[in-house]
Structure formats: structure tokens, C-alpha cells
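One chain, chain A, links the two complexes that follow: it is found with chain B in the first and with chain C in the second.
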Partner chain A sequence: MKTYWQVAARNVWRQKRRSILNIIAISVNIFAIVAYTSFYRGWIVNSFQNITDYQTGHVQIHANGFLKEERRAPLDINIEKSLDLKEKIKKLPKVTAVARRIEFAGSVSNMMDTINVMGVAIEPEDEAKIFVRKDAIIEGSYLKANDEGILIGDKLAKNLNVGVGDYLNLYSQTKFNTHNLVEVEIKGIFSYGFDYMDKNFVFIPLKLADQFLDMGGDVNEMVISAGSHHKTIAAFEEINTALSPETLKKIEVSPWTAFAQGVMEDIESDSISMVILFGILVAMAIFGIINTMSMNVMERSREIGTLRAIGITRKGISRIFLYEAIITGIIAILIGWFFGSLLSAYLTFHGLPMPAEFFENVNVPVDKVMYGVPGITEYIGTGILGLVAALIGGYFPARKAAKMKVVDALNKI
Partner chain B sequence: MWFLLKVAIRNVLKQRRRSLAILLAIIISVALMQFFLGFIDGFMGDFMETAFDNIGHITIHATGYSEKSDMLPLQPSIYNWKQISKKLEENPNIVSVDSNITFGSLLISDLTNLTMLGKGIETKRGGLKHFEEAITQGRFIEKDGEIIVGEPVAELLKAKLGDEIILLTNDVYDSFAGGKATLVGLFKTNIAGEDEYNMFITLPDSQVLLALEDSVTEMNIKLTDPYLSKPVLKEITPIVKEYGLEALAWQETNAFLIVMTKIIDYMMLIFMVIIFTVAGSSIINTMLTSIFERTREIGTMRAIGFSRGSIMFSFLTEALILGILGSLIGTAIGSAFIAWFYYHPMVFENVSDMVEGFGAVYRTGFTLKTYLICFCTGVGVAFLGAFYPAYLAVKMKPIDALRENT
Partner chain C sequence: MSLIHINKVSKDYHLGKTIVHALTDININIEKGDFIAVAGPSGSGKTTLLNLIGTLDTPTAGEIIFEERNVSNLPDREATRVRATKLGFIFQTFNLVPVLNVFENVEFPLLINERDNAENRKDVTELLTRVGLEQYQKHRPDELSGGQRQRVAIARALINKPMLILADEPTANLDSKTGENIVDIMLKMNKELGTTFIFSTHDPKVVRHATKKIYLVDGQVDKVEGNNQS
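The block that comes next holds the complex of A and B.
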């Protein structure tokens, strides 16, 4: 047994050039998969975290029909008895925080220029338990429930040429489609680092919005935190079972993934194309191994004949070749892992800075520097892949070598 | 020479299995590359076309406009736009000059109202090709008093073709201004931002509505070739200066385009390197075995007087034949894939929400550059892959080569 391994190892060593080329073919794949997976996981983890932290929370509740018309931010499709519902959901063990909000379309004006914005009326205390809001304030302070104030993004502040303490006219239409205008003080300026939020969003306290939009205590949105985005489904299911069927008939409960379908679809399509690409590349590497090893079998036919003649069985011969492939595979895996983990470590600790212009058009909050997040899965996965590739690559040549007749093999040239 | 070519061809045919192995490696990698690049070409093509429809290859504003462009200001505006337009069009590289007014507006129908990005456009210019092609119901606007919006907007407003829609906005004096227009067409570009926010009326209508008689806020220039933007920019500087305007090439107005192009170039390069390393090692390996097997043959040829050069030549020719043949077949297969995905595009509805300007429909594209890159790389890899083995072959001494008996 041990001798077979020794013979195989010696053969791998003897055919240096060939072995190196086979090793390169496999290890390039492993290297690329390891590094790519770590980088891509970083992007996913980062965008999931930021989407839930900045924009969606973990679970959202709307009245039926709201989401279909969300583009116009309707104020007439509201959640019934939202305060009772909030209290009820708050008591659920898997829910860590609940906040009521009003989404509305409006515009802000500095008396000179007017700009359309997406308004969000919030319960400041509860909102801050679900979203990164307080920490995003770079100037001034966060809202208090009784403030007649507004939070705006740094880009919007720059466009309007205003700062903390200045007053803005906030315009919108009420629930009953009448025009209304309110003067609000800029309490704080936030910066999330991406234009979509910093240019377009403003926050005001729910209490102010209730009067301003004539909502009569109604809200059109409720956001829920499950503590971490990994626990979303658990909280989502708990809410669905805890609420009565009559209540559920009137509302839509949605996990945050429903609001991040772009990212979800992007991940899906990227994964599929990567599987196809590496599938074909690994197939090519396997094909290369089969090819070189079968030629090796032909070249070594005399050797094989001699071995057979001195009493080594067919099985033994096929083993030698199979072991050769496995040794090649293992070396390739180790080399691929080594270089893959180097690049992955660089991405994890140093990160890849993304060009600033990238954030002008991307509506998904991702950080300015993308960091890799390595995981054990890609190492296990590529390890299995490399071994399987080596085994398949070695199987056919090994069978061919074993099938040779002793006389024919010795006879060759 | 001719004889050596014959030797090469005969060797290709003699070693059928081996030739097939090399061919397959080239075919797979060329087809794979072609397929990937085809998608990137298609994607970038659509992305650029959309961007150019919206910003032109060169955009002209009145000085001071672009700092405030997020606010969709109506001032400063361009007064002598007709004259400027005429002067600009004298430049042979300029295909068209589209003047428009971009403004924010409310669109009201029934009890629903939506904030919209309005554009007053010159209808006869055709600078908005992708909107014209995206009309799904009715037609593009042709005369005053007409409006077109995206399908989702019409749905939210519950408006049908022929309905009158009310526009409400602030005019240039910052007082409320309203107008009516008949809905004559709906479009669906599959780009979320455009379908949900854009609306078009005629330029004269928008001038009346906004009290901006005789002026426009923006002029978009389309060129014969987008990459001429910098030189043309220089050529039109006198006109721009004369009227106190500022002109920007698309590279400056839409830096995202440049970033995308760069990211995609890097991605392409990485893919190419990986694909061809795998293919290359397979090719070198196959050629190596082939040469070691033929040591005696090589020895014999050397012994009867063939020079090292001619032996090298015959090996490289062999590789070249395989490279060209493989690349041709690979290109054909790649093209078949490209054609299939051109007519059966993939649809990712939601990706469009994520990045501005990204569409929901992904089809492959065709550019000569891609074909050349794939073909040449295929041939090149085969050729380079043969170089090292061929070098080893010619290095052998005839006497050693003949003695070898495996």
C-alpha cells in the first residue's frame, strides 16, 4: 500500500513539467474561487447590513394595496389601529423594536429654490432602535418627539445652501389632497455616504407630520427589528402566527428581502454565471489531466509491462495512476488555497476602495471600501472540487493502464 | 517551406486524438470568452445608449447651471439657442443638437398626483431614440398639447390614452403654473427610474408653462463617435465662450460611465487570464507529450539535414493551424450563443431599481472588437503554448534524439 503511494509520488516528481502544468490548471481555479467568494461574501454581508440598518429594517407592515402604489407614497392606504398593533407586536419575544412611520412625497424650499424629496415621519426613539439614525448625524442633533424640526442629508443641505438652525418650508399634500406648508427648523444633518439617501430623504417627527398631513393618528408603515437580519424569518413567522386572521387580511407583512429584490436578483444571477464559468473551467482542467495522463500511460507502457511481469496486479497498476492524480490534486489544492487565502486576507484587512463616482448612481448602500469576508465553506468546497477533478482526471488513464496486456506492454518499441 | 507546411498538416492529421485535445481546449475557451464578452458588450451598449440619450455626448448649459443641476433650476438658461444650434451643426462631427427644458413638476389626474421629472423636447430631433423605441401604446409626441409618460405612471394616475392630464409646477418667477396635456403614448424602457419618473411634452409647451419664452436649459449634442467628444469640445469652445455657456463631455458629466467601463475592463482581463491559463496549460502539456513522442522523428529530420529553424517552423505551424481552426469553431459556437441570447434576452426586473441607468432586460451584443480579441487570443495562446515545447524539441541533439527509444 505504502509503496504504491511512494511510486506515485516519485512519478509525479519525475514528470515535473507535466505535473506543474496540471497543478496550475487546477490551482488557478481554486485560487480564483477562494478569492472571489471571499470578496463577494463581503459585498453581500455589507449590503445586507446597510440596507436593513439604513432603509428597510427587518420586517415591514403596510395596509393591503399600499406597496402596489408605493411610488406615489399614498396617505389614504393606512394601517388600522396602528397603536394597538404596535403594542401587540412589541410584546413578541423575537421582536426587539417596532416603530410607526408615515412615508410621504413632498418638497422642501429655502424660499429661493424648491426641491422634491421623499419624506419620512418617524417616532424618533423607536426609529433609532431599528435604524442607524443617531450615528449618521454629522452636524446638529437627532430629532425629539415634540420637535418642529427636520433632518436632512448633507448633499441636500449643500444643494439648498442651508445649515443647522436654518428654517425650511416643507410642502406636501395632506391625506385629503389639500395643499399644506409648514416651516421647520433644521435640527440635524445626516450623511450615509451615498447619494440616494443623502440627496432625497428628509425625516420629521411623527407628531408634527400627523397635524401637517392631517392623518388623524393614522400611519402607512410600520417597521420591525428582529435584532439581526439573520433572525428576520423567525420574527416574520412569529408575527404571522401571533396576529389574528382578520388583522392579517387587512395588512401585508413583508420581510426586508421583499424591498431588496434588486440585490437578491443580482446575487442570484451572479452566482449562476460564476457556477457556469468555473464549471466549464474545471471541466477543462479535468480534461487536461485526462489527456496528459493517458499519454503518460502510453509512454510508460514498458514500465507498466515490467511492473505487471514482476507480479503487481492490474489493480495495483491502476492505483499507482490514480494516486498520481490524487497527489497532483492535493498539491494543486494547497497551492490554490495558499494564494487564494493571501488575496482573500489582503481583501479582508486592506479592502478594495471603490471609485467615488460609483456611489452617484448606486441606490444600494455599500461602503466606500469593500472588505472581503472569508469563510470555511469556500475552502471545503474547493478542496472537494479539486479532489473530484483529480479523481475523474485520473480514473480513465488508470483504467487504461490496468487493461494493458503484459506481453503487449513489454512488446512496445 | 511548402514542404514543412505539409509536414505540419500531416502531423495534425496523424495525431488525431492529440489535435482534438488541443482543438477542444481552444474551442471551449474562445467560445466561453466570446459568450461572456458578448453579454458585457450588450449590457454596456444599452447602458451607454441610454446614458447618451439623456445627456448627449456633449452637454451645454448656461454658466452656473450645472452646480445647481440637482435642483432642476430654470435659471440660468440659454437664450440664443436657435442660433447656437445652427452654428454647432456646422461642425461635421456633430450629428444633432437637441435643445430641451428639464423641470420638476406634479402630474395630477383625478385625485392622485405624482412628482415627475419633466422634459420639454424638440419633437423632430430624434435624440431620444430609446424612448421612441420603447413606446408600447399610442405614439411619441408630435405636436403641442401632447404628453407621454411611462406605463407605471399611467397606471398610478389611472389615465388612459386620450385623457387630459394636469401639470402643476413653479415657473421661472417661482409662482405656481399649471397646464393641460393629452396623453398620446405610453413607454416602457425597462429602466425603473425612467419609467417611473420621466414625462415628455413639446419644447414650446414647456416654454409657455414655465414662462421661459425663447430659452432652453440644456442642449445635448450627439456626435458621429462618442470618443470624439474631447476634440469636438475644443473645436466648439469659441461658440461656447461667445454666448457665455459651459460645455461638458460625457466623460465629465457621467463619471459613472467611465467607472463602469473601467470595472468591466478589469473584469474582462481577469476572466481572460483565468480562462487562458487553464487552456494554455492544457495546450502546453499536450504539445509537450506530442514532442517527446516524436523525438526520433525529430532526430531523423535533423539527421537528413533539416535545420533547427525549420523544425521549429513546422511545430509552430502545426500549433497555428490548430489555433486558427479552434478559434474559428469557437467563434462560431460563441456566436450561436450570442445570437440566441440576443433574441431571448434575460430579464432581471429588480436590478434596475438598484443602479440608475441599468435596465431590466439583458441581451447580448456584437462588436467587432470582441470578435477580434477572442479570435486573436485563441490563436495566440495556441501559438505561445507551442513555443516552449517546440523550443525543447529543437534544442535536442540529433544523436541523442535518435538514440532515444521510447
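The block that comes next holds the complex of A and C.
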């Protein structure tokens, strides 16, 4: 024997059925939080990876005022001396690649149907160093700098009923607001697996766009890779210190997170919903513990009275019940961790294939199979949560036990 | 000097608007080494008296002097301390801790007083031998008969070497033979260890064993028999 802990442990064992209920109530939460956090972190890491790989790069540069009007993809708010700037930034040690681009609004037509698209004019080789472009091609080939060709998504190809080698008419307004049209050959068809890209985007070589849009060598966007999205801030800060104040006055340097605000907001609101959901579940678990432990206290009144009579203080009584709660909590935490880790490991190594319908509704580029990314945080967090829940759940019954009058407690059956 | 001096003690219970006079103007002296029976019919105030002496309850009037200290209105913490160090309790329903085995039940009060060391643990075995339960040390209470349980309770009450042991109807849940055996064991402990005992009973056969007898009727001392009464 020797300690109150052992007495408490045996009481947990004595009241097996109730203890098991309490343990389940807590461990189910811990299990769910551990597994869910791993899954959700994997989700976030994957979307960040894909957003930067497919859409944003790590840092972008625009002329002042462009971003405010980005919706109309203005061709008249351009980066001054973009080639010089590109060469300068390329030399920075934390920058791995720089590409110039023109974003433009346009439409493509197969002579029967016309569909509005987001056009992006790219320097094919540099673009491919920053983005997953070549590997996204599922048919045909990637662009070359001198091609009079276009890359379109598989969904757009389907909607237009066209394939590699077919010709499309590409319409847009030039920098000087005149209408223009160019006939382009479909060189390749890409698929990113989510509709936002595969339905709406087209890519053409910068050289072709320069004539077609009458840009006179200007571009409205520059995209920079820092090697990995974790290194974004380092590269961002380096660019800001390397460029002269005069240059910085005319441009806006933005980390990719500025272009992923929708995703960031989604993450935030998802997190809040999960905190609320788990908060409710944990509160229910706490009420369950209060209930079952109060029953224990009532049933053990005479034992409490006896212990008080033979000289245990009020504190000692509440300690016995609190220890019982803590032991329950610790068992629940270990069980929750164990099963949570199993599911988390399964998600990490095997992954979870997402149903096809899922991709029709998301505007975040995530992979078809999501993998978990476990972290120590959820274990620390659920450990604390489990203990706190057990302590709150045990506190009220323990206090009730401690407050009993000895004679009353002894008289209860 | 008496071990305990009960001085003009009364205890009322309020039941709604009616007042129950459970004890009225009780005056008793208890000497060190006494082996006292508090006898009386059900409802005569035996439990109330023992609870007051045991600092489990407080009198409505009067005072209880224990070793020259007024213990009738101690704060909870100090009353608990008195019980832990000076008093032992034996209950009608035995009240052993179900999750502890026989040895651990007797050992438990040592833990409360932070006296749970190897030396004192020898006393556990010794006491269990005295009450004839040395072979039952590893048994759980629910594996014992009523008489055996009560003997464990006696050993538990004695482990901290108290001045006084209070036993409220210790034989009421036992057949009369076993009950008398329990009183014999208490008497033996009283003689061998010098511990003062006060036990209550409504069974005249049990009263016989006491060296001093206090008869209660309707919350008042009807008569006192035995040595050096006051």
C-alpha cells in the first residue's frame, strides 16, 4: 500500500464500470484530436505546398497599384525595367529562381463556344523552376519560349471538346485597350486535379504575349522561388533589404500568404469550428465524470465518514478523489494517445484517398490522397486537456466528499 | 486527574420545528484505563454521546475536557488531529476500507500520521497476532466473517496507540457468542495495553463485561455502576 495514490488506483479499479465510462469519455476525445490534428496538419502542409507549387510561388513582385486592381488583370500597371530587376534578384543567395509573367484576362474559342479564362504569359524555363508545370502535363508537351502555342487544363479541353494539336482563338484586350486575337496551337494539356486551375487557366509563352498584348517588353508580375515555402520569409526579407529604397517605392513585394488569404481564412474558421466541437465534447466528458464520481462519493459516504473519524483531514479526503480522477485521466490519455497514434500513423504512411466529389467544392489545391503529418503539439495539448478535464471532473465530487459532516457521512447507508 | 471530564453536556437536534433533546445535562468522569459500557435502549443517546466524546460532533451546551483540554468545540482541523493521534474508533458495521487488505487496513492510520515506517509496520503484525488474525493479513475485508472484521477494526483502532477507543455498538451486527468474544478481546487489550475503552450496547449480556457501566435513559444518565464513579 503506502500511499493515497495506491488507494485511489484501487478505487478506480473497484468502480470498474464507471471508471471505464469516464476513461472512454476522455480518451475518445484525445484519440479524435490526435488523429484529426495529424490529418489537418497534413492538409495544411499539402495545400501550402500546392498553392506555392501551382499558383503563387513564394514571393511576388508587382508595380504599385497592381494588386488593388488585380481582378481586371491590368496591363498598364507594370514593373519598370523588369529584366534588370530580375537579374538583380536572381543573384540573391536565398532566391533560387525568378520568372517574369503577364497576367491577363481573355477568352478562348473553338469557333463554336467561347470561354473566359485567366491568361498567364510565362517564361517557360524559369516558370518551370518555380512551379510544377512540366509534370502537370498529361498530354502533349510543355511550352518552349518561341512557341505560338498554348497550354490548357483538361477540364477546359473537355468543355471545348479539343485536344493536343487543335487550334484555338485567344482573345484579349491589349495594353492599349484594343481588341486582339491570336490563333494558337494546343501544345499540351495539364491537370492539377482541382477545377479552379483545370477549368480557368491558360498559359502562353511571354514572347508571344508581348506582341499579342502589345506590351513593349513590360510585365505586370514577377514570381520568385525561395526553394521551399518554409523559407519564404527569409527570401522576402532579403529582397526587401537588397533593393534600393527608390525601387521599393515603386513596387510591392509580397509573400505568397498574401495571395492565399482565402485558404488562411478557411484554416482559421476550420480551426475555430474544431475547437468549439471538441470543446463541447470535452465539456460533456467533464459532466460525465462529475456525475459518475459524485455517485461514487455518495455510495462511499460511510467510508468517507470512517476515514474522517480515524483522522484523515478534509484535504486528505479530497486528495483521494482527485487522485482517482487523475489516474482515470492518465489512463484515458494513454489510451487516447495509443489509438490516436495508430490512426495518425495509418494516415501518415498509407494516406486517405479523398472522394472525387470532394474536389468539385474546394478551391484549395490538395492532393487526391491526403497524408497525416503528426506533431508533438497534439500530444502535449491533449495531455494537458485530458488532465485538466479529469481534474475539473474530479474537483466537484472531491469537494463534496471533503465537505461532508462526519456524523452524517457515517449515518448514510 | 480524569482522562475525560464531561461537564453539563447537552445535545439538541432540530428536526424542522421540533427539538429533540438527545442528551440532557450529562456529567461523567472517565479515568485512564477504564473499560466502560454505555448502556441503554435504542434512542437513549448512546451514539450521540460517543460522537461528542469522539469530536465527531459538537455539544449544544457544556464541555468535554480531554486530557485537560476542552475538545467540545475544536475547529475541524484540530478535531481531526485529536482523532488521528489520541482516539481510535470501532463501528457497528466494521467499516473497513474495502480496497485494502487486512494488513493495509490496520496500517492505514499510520499513513495518516506519517508514521508508516518499517518499525511501526511490525506493530501491525503484532496487533493482528493479538487479535488472532495473523494468518489473514492478505485477505480482503469481504473475505472475512463479521467477527473477524471487527477484530481487524480493533487492531486498526489500536495501531496509533490511542488514549481512548470509542466503540459504538461494536457487537450489534454480530451473533451473541461472537459479540461476547469481541468484548473479551477489547477487554484483553484494555488490560494488556492499558487503553481506555468506551463502548455502547443495548445488550445486557455484553454490559456485564464492563468494569464501569453508564446507563442512559432518554438522554439522561439513569445510573452509573462500577469503580470510582463521580
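Here is the rule we use: the second predicted complex is superposed on the first by the 326 of 413 C-alpha atoms of A that agree within 3 Å, B and C clash if a C-alpha of one lies under 4 Å from a C-alpha of the other, contacts with A are read in each partner's own complex, and residues count from 1 in each chain.
Here is the rule we use: contacts are C-beta pairs under 8 Å (C-beta built on N, C-alpha and C of every residue); 3 or more make two chains touch, one makes a residue touch a chain.
For clarity, every value in this text was computed on a predicted model and none was experimentally measured.
Engineer: Between chain B (first) and chain C (second), which does A:309 come into contact with in this model arrangement: first, second, both, or neither?
Structural biologist: second
Engineer: Is A:345 touching the first partner chain B, the second partner chain C, both, or neither of them?
Structural biologist: neither
Engineer: Identify the partner contact of A:233: answer first if only chain B is touched, second if only chain C is, both if each is, neither if none is.
Structural biologist: neither
Engineer: On the A-aligned overlay, A:334 touches which partner chain: chain B = first, chain C = second, or both, or neither?
Structural biologist: Touch partners of A:334: none, neither chain B nor chain C.
Engineer: Identify the partner contact of A:391: answer first if only chain B is touched, second if only chain C is, both if each is, neither if none is.
Structural biologist: Neither partner.
Engineer: Touching A:407 in the superposition: chain B (first), chain C (second), both, neither?
Structural biologist: After superposition on chain A, A:407 lies in contact with chain C alone.
Engineer: Give the label of whichever partner, chain B or chain C, reaches more residues of chain A.
Structural biologist: Chain A has more residues touched by B than by the other partner.
Engineer: Is A:7 contacted by the first partner chain B, the second partner chain C, both or neither?
Structural biologist: Second partner only, chain C.
Engineer: Residues of chain A that sit at the chain B interface in one complex and at the chain C interface in the other, please.
Structural biologist: Shared contact residues on chain A: 302.
Engineer: Report the residues of chain C in contact with chain A in the complex, numbered from low to high.
Structural biologist: Its residues touching chain A are 51, 54, 56-57, 76-77, 80-81, 83-85, 87-89, 91, 93, 95, 97-100, 104, 107-109, 111-113, 116, 156-157, 160.
Engineer: Using the touch rule from the top, collect the residues of chain A that touch chain B in their complex.
Structural biologist: Chain A residues touching chain B: 17-18, 21-22, 24-25, 28-29, 32, 69, 71-72, 105, 107, 113-116, 155, 159-160, 173, 177, 199, 261-266, 269, 277, 280-281, 283-285, 287-288, 291-292, 295-296, 298-299, 302, 355, 357-358, 360-364, 413.
Engineer: So in the complex, the part of chain B that touches chain A is made up of which residues?
Structural biologist: Listed in rising order, the residues are 18, 21, 24-25, 28-29, 32, 36, 68, 70-73, 104, 111-115, 152, 156, 170, 174, 196, 255-256, 258-259, 262, 270-271, 274-275, 277-279, 281-282, 284-286, 288-289, 292-293, 346, 348-357, 405-406.
Engineer: For a test of understanding, state which residues of chain A touch chain C in their complex under the given definition.
Structural biologist: Answer in residue numbers: 1-4, 7, 10-11, 13-14, 302-303, 305-314, 316, 406-407, 410.
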